[in-house]
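Next up: some structures, all given as C-alpha cells.
In what comes next, chain A is part of two complexes: it sits with chain B in the first one and with chain C in the second one.
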Partner chain A sequence: MSIQVTSPVSRAFKARETGLIVIIATIFVVMSFASEYFMTAENLLSMVKSFSVEAIVVIGMTILLISGGIDLSVGSVTALAMVIAGSLFLAGLDPWLSSLIAIMACSGIGAVMGLMVTGIGLHHFIVSLGVMVIARGLCMLGTGGRPLGLFTLPLEFKWIGTGSIGPIPVVIVIFVVFVLVFDFLLRQTTAFRKVVYTGSNQKAAAYSGVRTQKVIFLTTMLTSTLCGIAGVIYMARFGSAQPTFGIGMELNVIAAAVIGGASLSGGSGTILGAILGSLLLAVVSSSLTLLNVSVYWQDIIRGSILLTAVTFDHLLMKRRG
Partner chain B sequence: MTDTVLEIRNVTRSFGPVRALRGINFDLKRGEIHAIAGENGAGKSTLMNIIDGILQPDSGKILIDGRPVRISSPAHAQKLGIGFVHQEIALCPDVSVAENIFMAATNQSHALLMDAAKLKANARDVLSQLSDIDPSLLVRDLSISNQQLVEIAKALTLDCRILILDEPTAALTEREAQILFGIMRSLAARGIAIIYISHRMVEIFENCDRVTVFRDGELIRTDKVSETTAENVVNAMVGRKIESLYPPKLATAPGQAILEVEGLSSSRFQNIFFVLRAGEVLGVAGLIGAGRSEVMRGICRLEGNAKGRVKLNGRELKLRDYADAIAEGIVYLSEDRKGDGLFLDLPIDANISALNLAHVSNGAGLIDRGTESRLAESLGQKLNIKAASMRHTVSTLSGGNQQKVALARLLAVKPKVIFLDEPTRGVDVGAKSEIHKILRDLASEGVGILVISSELPELIGLCDRVLVMAEGQMTGELSADQLSEQAIMQMASNTGWKKRSA
Partner chain C sequence: MEFNKRRSLIALAIAGLVGLSGAASAQSKLACKPGETYVMNVMVSAHPYWVPVFQGFKQAAEALGCKAVFSGTPDYDIAKQIASFEQDLVKKPAGVLLHPMQADPFINPINAAIDSGIAVTTFAADSPKSKRTAYVTSDNLAEAKFAAEEIVKKVGDSSQYAVLENPGQSNHDLRVTALIAYMDKNYPKMKLVGRQATNQDSNAAYQAVTTMLQANPKLAALWIPEAGSAEGAVAAVKEAGKKIIIIHADVTPATLSEIKAGNIHMALNPNQGVQGFLGFMNTFLAAHQDLIDPFNDYKVSRFNPMQFPSMDNGFAVITKDNADSFDLAKYMKGRS
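This part shows the complex of A and B:
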C-alpha cells in the first residue's frame, strides 16, 4: 500500500551514468582552460587509447561483479595471454593461431576457477587470488622474467594494436564494438538477465529455476576469456610480450566497475557505467599528468575517487531503503 | 507500592502511512504469565520491539516499577531487567552452547580473558533446568528445538524481571513444551513477569493467568483466563466469525488426481505418500522442523536428493532440477519471501518474469520489454497488486503486495501444481483473505494447490483436507469435518511422544 513515488529529479540524480557524464564534462571544461594540450585531438585519442583495451577487461569484471563474483587474476591472466601467444609465435606458429590458443588457454583458466567456485564451493576472492599468483609465476617461468621481443610479427597482426581505420585507431573500434555488444546483451538477453537474477539474490534465482552454478561458472570463464582477448591485443600493440604487464590492473578494473555502479554484493552495475568509470579514471590521470602532478599523488587521488563514489552510493541506498 | 512491573500508556507507532499501534494501554503484574494473542500484523511484535528498545514509540509512555523510562536499545532493556526470547533463532552457530548462553554477560564483562571452565559450569547449571544439552557442543550441531532451548537459557541467565517469549513452542515437541511451561511457572513463582506470545489456545488456557488480544494495531481486550473462553479470544482476534474470513470450501467431491507422491524419502523425511486432487486445497500441518518444506522442496528438486515416485496427471516424472520442475508446471512459493522468494532490488516486472523468461523473449533469447510489462500488468491486475508502476522495485511494496508479486511469479508459468510455504506470513489481514480467495479460485480452475502453514486457523479455514507431518513422517490426514486445532496438534506432536517415552 505504501508506494514511494520517486520524483524525476531524484531519479536523474540517482542515474549513475548522468552523474559521471556531468563530472567528466566538468573536468573537460576545467582542463581545457588549465592546459592548452588537453583538448587537442592527439591528447583525447591517446586518452581513449590508454583505457580502451583495459575496458574489455572492465566489461568482464562488471558482468562478474553483477553475478556476485570477483576476479583478482585479471592482470596476470592478461599478461599470461601475451606470454603464451608470444612464446608460441616465437616457436614458429602463426600469430593468429597462437593468439587463438592463448585466448582458449585463458578460457581454460576461467573454467578451472569457475569449477573451484561452483564445484568445490570456494570463494571467488580466494580462488582468483591463488590464480593471480600462479599465472604471474607462469609468466615469469615462461620468459625468464624478460620481455619477449616479437619483432617479426606480421604487419597485418600488428594492425590490430597500432593501425587505424580512417582517423580512428583500431583498438578504439574494437573497444566500441565490445561495449555496444555487451551493453546490449546485458540489457536485452535472457541469458544475461539470469546473471542479474543470480547476483541480486542467488537463492531467489535458484528458486526461480535459474541454474545459478552454471551462471557463475560461465561468467567466471567469460571474464578470463576477455582477459585473453585483451592480452592478445596488447601484444599486437606493444610488439612484445611482457611478463610483468598488468600488475595492479585488477584494482583499476574493479575501481572502474564500482565507480560505474557495480556492487561487490552483486546484482547491480551497467556496462555503460563501468566504461564511464574507466573514462573518469583515465581523464583524471591524463589531467594530473598534464598539470605535472606527481604520480604518487595520482594514486592517492584515484583511491579517493573510488571511496567517494562508494560512499555516495551507500548514503543514497540508505536514504532509499 | 503496586505489583505492576510494566505499564504501557497510550503508546502509538506508525510505519509510514501504516499505523501499527494505536493508543495501547497495557499493564504487566509481578509473577504473572500474560498471554498475548493476535494475528500476524496485529501489532504484537511492534509492541514487544518497543518494550525491548528495538523500536521507539511515536508517542506515549513506558513505566517500569511506576517510573517512566525511555528504552533506547536492547542492551538498555537488558539493564532494566527485560529479557526477550525471539521467535527467530539468533545464536552464533560456530560457537559453543556455553559461550552463546553467556554472550550478553561476556559482552558486559570487563575481564580480559574468557574463563572457559567457569563458563561451561555455569552453562550446565542454567541448562540443567531445561534439558540435557552438552554446553561444549557447537550450536550448529544442535537440532532446531535444542537451539530454541538455548535461546531460552540465554534469557534466563540475564537476571530479568520481565521475560518476553515470542512463540517459543513453535519449534518444540509436546514434551519439551511441557518442560518449558514448568519452567515458566517456577519463574513466575519467583516473581518474574512473563509475556507469552502464542496463538495456540490450548497453551494459553492451560498455562497463563491473563490474556490480551491485539487486532489491527489495537488492543481489543484483556481478560483473566479463568473468566473467558477460547472462543471469545479467537473471535476477538479475528474481529468477526472465523468462517466468514475464508472463501467457501469445495462443495463436491474433488476431481481426479493431479499429483501422486509414492514412497518419497530423503535424509530429512521418510516414506511420504499423498495424492493431490483437482479442485481441492490441500493443507500440510506440522511443527517447525517436521520436514514439511523439505518434502515440497524435495518434490520440486530444489534441495536434497529425494528418492521415490512422483506422478503428474498419471505420468511419472523424472526431474533433474527445479528448472525441469518449472517446465512441468510444478512451482514452489518460498516461506522466506525476502530471503529467497524475491529480488527486492529489481523491478516488479523483472521479478514476475523470472520463472518464465522464455515467455517474454523471442526465439533468439532477446527480452521483449513490452511483453514483459504486459505480463506484469495483467497478473498485477488479476492479483490486485497495488503499485504505482510495475517498474518500481519490489522493496517499495508492503508485505502483502510483495507476497502477491511472489505469487504472480509462479502464475506466470501457468502452473499445474503450486506448493505454497506459509503463503500469508507477515501479510496484513486484508491481503491475507485476498490471497486465500486467489488460492481457492486457482483450485477451482483445476490447479493443484498445496498449502503449508503453521497457523492452524488458516489451515482449518482454508483447506479441504490436511496432511500432518511430524519428524519427517506423515502422521495423519484429516478431512474437512475432522479439522480442529487439537486434532492437528495431537498428530503433529505424535512421534515426539512415542520416541521420547520409548
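This part shows the complex of A and C:
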C-alpha cells in the first residue's frame, strides 16, 4: 500500500481556485493593455459592486449545493424580501424592523422548503421550483405588479445600499464580511464540515453520526435567509421594491457556484471558489463592455465558461473515480 | 399619418434654434471634439424598437462628428441595467441617453453620473426625480385617446373591450390607464371585460387572450400598450376565428406582418428615429451647456441651463395602407 503525501503547494496548484485566479489575472493583464479604463479604481469598484449583493446569495447557494441540494427560488425570494420590507415601510413601520420581518419571512420560507425536503422526502429541485412560482405570485399580489417607490427611505437605511466607507462602497464591505465569515465557517468549523460530509455521501455521513436531515433543513433555511438579507440590501440600493426583480438570478448564482468548483452532485465546493466564479463572470462582462463588444456575446461567453467548468468538473470526478 | 406633429416640430425647432444661436456665437462648439462619445443605454437590448431609435441617435451624432455607442443589457433586469450604465460611465462618455427600466432605482446612478460631469437624458421611460436634463417621449395620453376613439369608431360606443398590460413600466401603464379613464368618461357604455398583465410576453398574452375570448364571447376590441403582447394576442384571436379589433402601441416585424394581413387593425408607433435624434440633441446640448447664456438663474443656482423637461417626438399610425414604410429590414438595408 502506498500513501500519497501532497504538499500544500501541490494542493494549491490542484485547487479550482488557483485555476480561476490564474484566468482572472490573465484577463486583468490583457485588459490593462486593451483598455485604458480597465485598471482604474472606478472600474474595479464598479465591477465588484455589480455582483457584491448577488454574491451573498451565491454563498447560500454554494453551501446548499455542497450539501447536495439546490434552490431555484432564490430570485423570487429575494424579490419577496424587497416587497415585504417595502410594503411594511410604506405602511408606516420602521425600515429596520420591516427588513428584519422580511428576512424572518424568508427564513420561514426556507424552513418550509427544508421540511418538505426532509420531512416529506421531495426533491429540492421541485420544491424550490414551486416556491419560485409562489413567491413571484406573492410579489405580484402584494404590489399589483407595480414597483413600490421607496424614495422616502431614511438616509441612514439607504446607506447600506448606497453609502461608502472612505472610497469603498458599503455593499462591498458587507460582501467581504460575508465571504470571510462563511469561508472561515466552511473551512474551519465542525458544524459546517458536516455539510460537506452530508453532500459527499449522505448515508455514510448518517452512519458516522451526522444528523443529515437537520443539515439539509438548516442549509435550505440559510439560503433563503441570505436571499432575505440580499433583498433588503437591494431595496436600500435601488430605493424601490420590484415584483419582477431577480428573474433569472438563480441561473447566475448557480453558474457562479459551479464555475467556482461547487459540484451539482454535492460534497465539494468553497466559498472563495464561488466568489471567484462571480468575479470571473463580472470581469468578462466588464471587459466586453469596455471593448464595445456586442452585449449578446456576453451571454454566449458566460454560457461557454459554465459549460467548460462543468466539463472540467466532470472529467476530474471521473479521474478520481 | 403624423400626430402631435406641431409639438414635435416645435421641439425640433427649439433644438435647431439652440444650435443656430450657438453657431452664431461659437461655431466650433457645435461639433464634437475628436473621440467625444455618446452612449445610448437600454434594457432588453435585442428588442427591435431600439433599432430605429439608435439610427436617429447615430445619424445625429455623425452629423456633429461625434461617436455613438449602443449599450445596455439583453435582460429585463434592473440590477443588470444599472451595472451596464455604471460600466458605461467608466469610459467617461460625454453623455448618455438612457431608457431607465424603472424610475426610482436610477435616481442615484443618474445623479452620480451628472455630478461627475457626464450628461444624462432619458427617453421613452423617465426617472423624473433624478437630475436628468431632458426627457423625450411620445405623448402616451394622446396615444390612448386616439386608440379609444378608433375603437369606438370601429365597434360602436356600447361594446366590450379588454386591455393587456405591462405593470411597472411608466409609459405602458399610462397608455392603459389613460384609455380606460377616457372610455369611462366619454363612453360609459363601453364595458371593460378583461385586464390582464402579460408583461410583453407573447406566450402569456396568447394564454390570456384565449381565456378572455372563452369568458367573453362578445369581446369586440383589444388595446395593448406594447408590441410583444400583441404578437401573442393576434395568434389567439386568429386561432379562435374571431373578428376582434386589435390596436397596439409600438411595432415589431411580426405585428407589422399581421397589420399587412389585416389581422391587427393598427399600431400607434412613437416616431423612433425622431426620438433618437432628439435624444441625442438633448444629450449633446446638456454636455455643451455653454452654447447659450439664457435669461435665468442657472449661474447662481448652478444647474444645467439645457433643460427640456418633456419633449414630444410624436407618433405615427400604422395601418395596412402605409405598413410598407415601417419595414425595419428594408430600412436597415445598407445601414449598420
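The working rule: the second predicted complex is superposed on the first by the 308 of 321 C-alpha atoms of A that agree within 3 Å, B and C clash if a C-alpha of one lies under 4 Å from a C-alpha of the other, contacts with A are read in each partner's own complex, and residues count from 1 in each chain.
Here is the rule we go by: a residue touches a chain if its C-beta (ideal position, glycine included) is under 8 Å from a C-beta of that chain, and two chains touch if they have at least 3 such contacts.
Just so it is clear, the structure is predicted and the values come from calculations on it, not from any experiment.
Following superposition onto chain A, is the placement of chain B relative to chain C best described as a clash or a fit?
fit
For A:N292, decide between first (touching chain B), second (touching chain C), both and neither.
After superposing on A, A:N292 lies in contact with chain C but is clear of chain B.
Just to be sure I read the superposition right, which of the two partners does A:T118 touch: chain B = first, chain C = second, or both, or neither?
A:T118 sits against neither chain B nor chain C.
Touching A:S87 in the superposition: chain B (first), chain C (second), both, neither?
In the superposition, A:S87 touches no partner, neither chain B nor chain C.
For the overlay on chain A, what angle lies at chain A between chain B and chain C, C-alpha centres, nearest 10°?
Roughly 140 degrees separate the directions to chain B and chain C.
May I ask you to decide whether A:S208 touches chain B, chain C, both, or neither, giving the answer as first, second, both or neither?
The first partner, chain B, only.
Quick one: name whichever of chain B and chain C touches more residues of chain A.
C
Minimum Cα separation, chain B versus chain C, post-superposition (Å)?
Here the least C-alpha separation of chain B and chain C stands at 35 Å.
In the superposed view, which residues of chain A touch chain B and also chain C?
In chain A, no position sits in both the chain B and chain C interfaces.
Under the touch definition given earlier, write down the residues of chain A that touch chain C in their complex.
Checking each residue of chain A against chain C gives 37, 40, 42-43, 46, 49-50, 53-54, 140, 144-147, 149-151, 162, 234, 237-240, 242-248, 285-286, 289-290, 292, 295-296, 298-299.
Which residues of chain A touch chain B in their complex?
1-5, 188-191, 193-194, 196-197, 200-201, 203-211, 267-268, 321
Quick one: which bits of chain B touch chain A in the complex? Just the residue numbers, please.
Residues in contact with chain A: 15-18, 302, 321-323, 325-326, 332, 334, 339-346, 350, 354-355, 357-358, 361, 365-367, 386-388, 392, 395-398, 400-401, 409.
Where on chain C does chain A make contact in their complex?
45-46, 69, 71-79, 82-84, 86-92, 102-105, 107-108, 129, 165, 167-168, 173, 197, 199
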